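One structure, pasted below without further comment.
The chains carry the letters A, B, C and D, assigned in the order they are written, with residues numbered from 1 in each.
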Amino acid sequence: MIRSETKLRVRYGETDQMGYAYYGVYAQYYEVGRVEAMRLLGFSYKDVEARGILMPVIEFSVNYKKPAFYDDEITIITFLKEKPTGIRIPFEYECRNAAGELLNTGKVTLVCIDKATNKMCKLPPWFLAAFDPFF
Amino acid sequence: MIRSETKLRVRYGETDQMGYAYYGVYAQYYEVGRVEAMRLLGFSYKDVEARGILMPVIEFSVNYKKPAFYDDEITIITFLKEKPTGIRIPFEYECRNAAGELLNTGKVTLVCIDKATNKMCKLPPWFLAAFDPFF
Amino acid sequence: MIRSETKLRVRYGETDQMGYAYYGVYAQYYEVGRVEAMRLLGFSYKDVEARGILMPVIEFSVNYKKPAFYDDEITIITFLKEKPTGIRIPFEYECRNAAGELLNTGKVTLVCIDKATNKMCKLPPWFLAAFDPFF
Amino acid sequence: MIRSETKLRVRYGETDQMGYAYYGVYAQYYEVGRVEAMRLLGFSYKDVEARGILMPVIEFSVNYKKPAFYDDEITIITFLKEKPTGIRIPFEYECRNAAGELLNTGKVTLVCIDKATNKMCKLPPWFLAAFDPFF
C-alpha cells in the first residue's frame, strides 16, 4: 500500500459565505495529496507529463462529514490500496482537521493518456515498476 | 421531476495546463445548475439562506467522459428526480458541449441545516410545498 | 474606442466568509469581459492562440469601492481607449451591480508573445487591422 | 518594517492552458503571505475577525515579470514598510521562484471595517500597539 500525509491550511479565498471551505476546493486538496503520494514513487507528476503521459481524472467523489474552516490546518491522507496493473490509478482519501476529526473521505481515479496519440494507454513499464516496493 | 438547463462558457482561468477545464471546476458548474433549478421553485438559494436555512453538500460525485475546453459553451442539465420528503435534496447532472456530446454525469446531495441551531433539520413546509407542482 | 458590456452572476463558490465576492475573483471577471470585447474584433482569444500568439497579463490592478454579493448580477464594462500599435493591449474596466452602483475599476495590460519563439513580439498586421473600425 | 517569507507550491488546478500559474491566483498567494506576516504581530487574521473587525481589500495590483509553472516552489515575501496609523494597511509583495528570480511585485491595501456598524473605522489600540516592536 502507498500512504501519504500532506498538511495545508484553508485559505480565505477558499471559504464561502457559509464560513466553510467550499465543497469544490477538495478537488485541489486531493490533487495536492496525490502529487505528494506520487513523489514517493521516485518521480513527480510533472516528470510524468514530461515523459509524454497525461493523467486526467475520470472519477471523483467526496463524502462530507464535517466542514473545514478558515485557517484550519488540514491533513490529507492519500491511499493507493491496490497495485495498478492497467490504465487506471484509484486514489482514496481522508481529510482530517488538527483535532484529528474526519472531515471527509473521497476517491479520485486517474487514467493514463498517451500525449502523442491522445488515447488511453496502459501504464508504461517504468511507471508500473515504481509501484513494486509498496505492494 | 424538475429539469433545468443552464449554459455557461469555460473561462481561461478554469483551464489547466492539460488544456482541459480543470476537473474540480464542475463543483462550481453544478452549483450554477442547481441554483437555476431552484429558481423554478419560486425562490432563490439566497432566499433560502435569508429564511434561516443553510444547505451544505454532503455527497458529490462526477464521472468524466470527455473534457471541456477553453471558451466551449457548456450546457448543465440539472435533475431532481424524486420529491424530497426529509432532510436531503439529491440533484443529478449531465454536462454537454455545444455538439451535444456528454462530457460528464454527476450527483450532488444537499442537506438542510437550521442556521439558528446549526443542526440538520427537516425541510420546512414552505420548502416542501414548492416541490408539489413538479411531482 | 472599444466598449463592451458583459453580465454574469456571482457564484456561491466565489464568495468568502465575509460574504463578499472574493477580491481575487475579479481577475476572472475581467478576463470574461475582455474575451467578449475581443469578439467585437471579429475573432476570439481562442483564435488568437490558434494563430500562434499568447497574450499573458503583465499588469493587473483593481480599485474596490463596494463589494458584490452572492447571486448579484454584475455588469463588466471593458474599454480599450487607445488604438494598440506595439506589443501591449491595455484594457480598462468598470464593474457595476444591478442598481448601477460602481463596484470597482481596474486595468489589465496584455502583451503579445510569439508561441514559436516564446518571446515578446509586435501585434501582427491582421490583429492591428482589426482595431481600425473602432478608432 | 515587517518582512515575512512564505513558501508554497503551484497546484495543477492553478495553472491555465498557457502552462502558467493563472494571473489571478496571486490574489490567493498574496493573501497567504499577509496572513503569515500578520502572525508575527502575535495574532492571526482569524482572531482579528473574531474581535469584530473585517479587513477587506481596497487596492490590489500586480506587475508580472516572469511566469510561475506547475509544481514550482514559490516564495512570497510580504512587506509592511510603514507603521499603520489610520484605517489602512498597505502590504507590498515580491514573488520569487526557487532560483531566486523575481516573478512579480505587487501591493494589497486593506481597510478596517467595524463588523457591528459595517463602516470603516480606525485600527483599534490593541491592533496599533502590535506594530510597535517592528517600527
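In this text, a residue touches a chain if its C-beta (ideal position, glycine included) is under 8 Å from a C-beta of that chain, and two chains touch if they have at least 3 such contacts.
These figures come from a predicted structure and were not determined experimentally.
> On C-alpha atoms only, rotate chain B onto chain C and read off the angle in steps of 5 degrees.
180
> Higher C-beta contact count, C-D or B-D?
Most contacts of the two pairs: C-D.
> Quick one: report the Å distance separating chain B from chain C, using the average Cα coordinate of each chain.
28
> Taking each chain's centre as the mean position of its Cα atoms, how many Å separate chain C from chain D?
Those two chain centres are 24 Å apart.
> For chain B versus chain D, what separation do you get between their C-alpha means, in angstrom?
A distance of 33 Å separates the two centres.
> Residues of chain D that contact two or more other chains, please.
Correct list: 12-13, 17-18, 22, 24, 27-28, 31, 70.
> If we count contacts the way the header does, which residues on chain D are in touch with chain A in the complex?
Its residues touching chain A are 9, 11-14, 27-28, 31-32, 35, 44-46, 70-71.
> Which residues of chain D touch chain C in their complex?
17-18, 20, 22-28, 31, 49, 54, 56-64, 67
> Can you list the residues on chain B that touch chain D in the complex?
12-13, 15-19, 22, 24, 70
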